[in-house]
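Letters A, B, C and D name the chains as they come in the text, with residue numbers starting at 1 for each one.
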Amino acid sequence: MRIGVLTGGGDCPGLNAVIRAVVRKGAGVYGHEFVGFRDGWRGPLEGDTMTLDVQAVRGILPRGGTILGSSRTNPIKIEGGVERIKENLETHGVDALIAIGGEDTLGVAKQLFDRGVKVVGVPKTIDNDLNATDYTFGFDTAVNIAMEAIDRLHTTAESHHRALICEVMGRHAGWIALHAGMAAGANVILIPEKPFDIDKVCEYVESRFKTRYSPIIVVAEGAHPIEGQMAVQTGDLDAFGHVRLGGVGERLAQEIERRTGKEARTTVLGHIQRGGTPTAYDRVLATRFGLAAITAVHDGDYGKMVGLQGTEIVRVGLDAATAELKTVPPHRYEEAEVFFG
Amino acid sequence: MRIGVLTGGGDCPGLNAVIRAVVRKGAGVYGHEFVGFRDGWRGPLEGDTMTLDVQAVRGILPRGGTILGSSRTNPIKIEGGVERIKENLETHGVDALIAIGGEDTLGVAKQLFDRGVKVVGVPKTIDNDLNATDYTFGFDTAVNIAMEAIDRLHTTAESHHRALICEVMGRHAGWIALHAGMAAGANVILIPEKPFDIDKVCEYVESRFKTRYSPIIVVAEGAHPIEGQMAVQTGDLDAFGHVRLGGVGERLAQEIERRTGKEARTTVLGHIQRGGTPTAYDRVLATRFGLAAITAVHDGDYGKMVGLQGTEIVRVGLDAATAELKTVPPHRYEEAEVFFG
Amino acid sequence: MRIGVLTGGGDCPGLNAVIRAVVRKGAGVYGHEFVGFRDGWRGPLEGDTMTLDVQAVRGILPRGGTILGSSRTNPIKIEGGVERIKENLETHGVDALIAIGGEDTLGVAKQLFDRGVKVVGVPKTIDNDLNATDYTFGFDTAVNIAMEAIDRLHTTAESHHRALICEVMGRHAGWIALHAGMAAGANVILIPEKPFDIDKVCEYVESRFKTRYSPIIVVAEGAHPIEGQMAVQTGDLDAFGHVRLGGVGERLAQEIERRTGKEARTTVLGHIQRGGTPTAYDRVLATRFGLAAITAVHDGDYGKMVGLQGTEIVRVGLDAATAELKTVPPHRYEEAEVFFG
Amino acid sequence: MRIGVLTGGGDCPGLNAVIRAVVRKGAGVYGHEFVGFRDGWRGPLEGDTMTLDVQAVRGILPRGGTILGSSRTNPIKIEGGVERIKENLETHGVDALIAIGGEDTLGVAKQLFDRGVKVVGVPKTIDNDLNATDYTFGFDTAVNIAMEAIDRLHTTAESHHRALICEVMGRHAGWIALHAGMAAGANVILIPEKPFDIDKVCEYVESRFKTRYSPIIVVAEGAHPIEGQMAVQTGDLDAFGHVRLGGVGERLAQEIERRTGKEARTTVLGHIQRGGTPTAYDRVLATRFGLAAITAVHDGDYGKMVGLQGTEIVRVGLDAATAELKTVPPHRYEEAEVFFG
């Protein structure tokens, strides 16, 4: 068999581990051949391929990013896009496709499957907001990077009298903020799922200043105040659809300074949260996802994606990924609230 | 209520996070008081206590080890030990006890519960070999430390021609070796669950040497060869019941050198695997265990221990911990074998 | 003897190591007593002290920040400030003072010395811009933190097509940008010492985009374009005299997007550069500074500060610190330019 | 010009950074061509070469080890070895040679230079024991790795009652033990330069046990007791001339257990000290060494090696490296002794 592989959407530590596992088991155990498509769906759309064999995946396990490149190209939004992909897969003699990506990438995979393409999906989101899997790789790495940054802020919080704000990723779901904030002992955690009360936030800030320690506030980029309460919006989008600096973290700092008269400083972690070598958790999970995906292809069990349930890798329908966003449930946020103030 | 807390057995990153969560929620939400018992069961046995309040747990979240100290003191093996503990608990006005520890510690907790003491347990084992919980805190940290060490060995493996052996913890279960070895791309992983075939190991070593890269072998301290096959024993025990250097890693090195004529070097990670700041995963898990334990006390649900199932914290019987050792199942080892050689 | 110790200015990894070394050698070898003044010069100004003995410095070596607290209080700018300090030192029976800090703190120390106070200084600046010492502690830690962040950006640079900008500390001197940028393989490094040519920067960006890799630009917060060339200013100051987000990194991103039509993303590292545990280099240097400072006190050699020259710790005049800013010399920047583009 | 490059001796973080700097400046600024010789002197001896151009050095800056491979092959000990190297250099059209290595490698370089070969040397030793340079790259990385390991041991030392021994590299010089031990707050540091008094060591151990903390002892692999005092030898050599496990650390543990009756545990860091990504310090130093070496070649200033003096890179004679070993001077060890016990 000849199997195509692509990675779509934002880069995420562990993508290379998935690719390596797919190729190592596919070539070594099953004797399959592989073709790499470059830059997500742009690859099969334009017929842009690269060599993908055991040699190509040597040494990539500990490396973040993706050797295949990535993009947000969406063939569904392109006139005749899906048809061109089908043609190109045929041209390159591709029998089956493994698509590694988030909601958008897997949504395209589902449509291709519905039109007869043999596809298996691997879920990917650094935000951990995909249903049908307990966790996704990349999330643990992002949480550790954010935690280490917040750990460092504690040093300053113990030495100076300033409110310290750390803005982390999470446009629609607060998982990174929740886990990094709990792990690093934040005094307040703000997530998109629960509009925050700026009066309450300033109360925590004031009460913390009464100790010899300064408050640390972790805020997801998508968090926002109760409507009308504060002149803060969620952050302007730039020309590429991303939140600009001057987002919620920075605006929160201005509001806290204005209300409490105490200095407030913001750190925006940005892209460093999705870069660098994956943690052990993400390398193992990504490797297991890759092994399970190639096994599904070998079993001819298409239209599925792999997922984690408890300690086991399972197969679920490709549409499970695109059903509903997995947001932070109230009882998890309440756990964190125990430590606020 | 006045609640005693103790930590028993080997130290483990995350113990302090459990203690902090217990005290922060117990004091802050429920208004309970706490007393810390020093050095595991030695504390209540000898009535050795320390102050345990919100001030005492400040800043301990990121710190490995345990502020309460630990020991392997087992009151069951001491004439009248259990009775003395009951008396001392009464003397110190302790209404309930939270015992954080492994198989031994929780076994004592079970016996105390059977004799009427109100106990809740929190499972702890760096080896991840306790049943009734998907994972235990400390394990993820140990795996990451071992993975980073093995990552470093790759550098040497790419520059020199030597078999590199890394001996990691795991007397009875190979979880650390399996996860660290998979995460770091080991060429062979040896675990206690499956006696190894030294001929096969040397085959992998030889085949690897034919590339420009040197083989890296990860071996759990409790791994052993097929009976009679090799003059290697699992390692002498020292006066304190621990495996001495000159354990399986070192003996394996000698055997590989003898058989292949290639140099072999061993690194024994030892205690550094259980030290230092916990990973985010372990801090979050330990914190959630602590919250769940104090909630169980508050609910009066004694004789239970907390555990992780999927993404949720549950309560199971105290005896669930001491039932059977959770070893690496064959299908998990087979996943790793895909990458051998 | 009874010796006062204080730490002034921004916090810096290694301050605690200095304090520990001063106390351990002063108490253990010379038999001196110590008194800690809180929050820099505010401590002796207001007579705010804390216990400072061997017990107080236990375990602080690996911890960032300062157990003494810090502030930017400048007694020279306060009517009668210097006199009040002299009185308070007498009141607390302080025979000599060790002042750990940057240009401002050591400037005050010099004035006190000129008025008869027995002072020894320890230089501190995370920016490495103090004369009279080859390096200052905290700098190496900041450079490593920045390097690791830029290392992580490389992952994204290999997977996506975006200009990535990393803004690091350095208002007046570009040392952190230079070293972190060289260490992490930046494609362009911009420092305050050399106004940048935005046309040239965009040329590097464009030429890099022609490879499969994206450009990474490291910019010191104090860097600025050639006059009149770009609508970018160095960043507004906030009410506390600090550069606001929306500083040079963010403005550079906007300018690059406007000129090249390529997406540009900025990460502002901010306070995480000065937090967390010090590197080995900084712990050793800080410890040696502390030992040398207490030895100078013991020798009665006041009005001096300690410094590093080559591999040895020397004593220089307190005014050496406040003479001239140590900026990046042209030949060091030219070394880095070899790797631009 | 066509310039050969080789790396000899044990691998060392920063080697790749040197190679990259040599090639980037040599090709990019001077327009030279390069040829890589594999595995140290084995390369020119056997005419084993590899492509070495800008493409080959892409992405290697943060990677430990050496893309050229290394070996301990010494052509001087091989009949006609030096002549064969001269012939092979001619065959491959090599005009000049850059040799990166330690005492042995640079000794060969010196002999070749004496016979008319145009050579420039770059000093390399992870042990920091080469004269004629303040520091060598790789050392800072090794010290940080050892420090982090010892930091982790502190956790156990605070939780259990055991003497913890950490054996680090340093056969002839104790620099790594000294710096890592000082940085991590070791209670005793033992180095080859000063034979240790086992009675004194046990005194420190006993006195430390009287606190609630356990002693941590850092010992260089080449440290040894005062003659006749202890049944410990420096460790057997294996067939490859390396110290076997069961070296000084392990023997010290046995002796401490025997004398004090307290448990003692040893960690042998081994090869992980020389692996992995270099620190910022080592990357900058190695890069500057590389730049200076190719500049020396360009200047036609042969028979020299580059070195660090203070903050500047200088050129010294090739024989400066092989003159005398740079050991820890007494005043540096006395600094560390302040913290013993």
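Quick note on the criterion: contacts are C-beta pairs under 8 Å (C-beta built on N, C-alpha and C of every residue); 3 or more make two chains touch, one makes a residue touch a chain.
The structure displayed is predicted, hence computed values, not measured ones.
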* To do: Work out which chains are contact partners of both chain A and chain C.
  => none
* Asked: Greatest Cα-centroid separation from chain D: which chain?
  -> A
* To do: Just give me the whole-number Å value for how far the CA centre of chain A lies from that of chain D.
  => 40
* Asked: Between chain B and chain D, what's the gap in Å when you average each chain's C-alpha atoms?
  -> 34
* Asked: If you average the CA atoms of chain A and of chain B, how far apart do the two points sit, in angstrom?
  -> 30
* Which residues does chain B have that touch at least 2 chains other than itself? -> 151, 154
* To do: Show which residues of chain B lie in contact with chain A when the two form their complex.
  => 21, 24-25, 28-29, 61-62, 134-135, 140, 143-144, 147, 151, 154, 179-180, 182-185, 277, 279-281, 283-284, 287-288, 291, 309-311, 335, 338-339
* Over in the complex, which chain C residues touch chain A? Could you list them? => 10-11, 13, 15, 63-66, 69-71, 145, 148-149, 151-156, 158-161, 164, 212, 238-240, 242, 245-246, 250, 257, 263, 265-272, 274-276
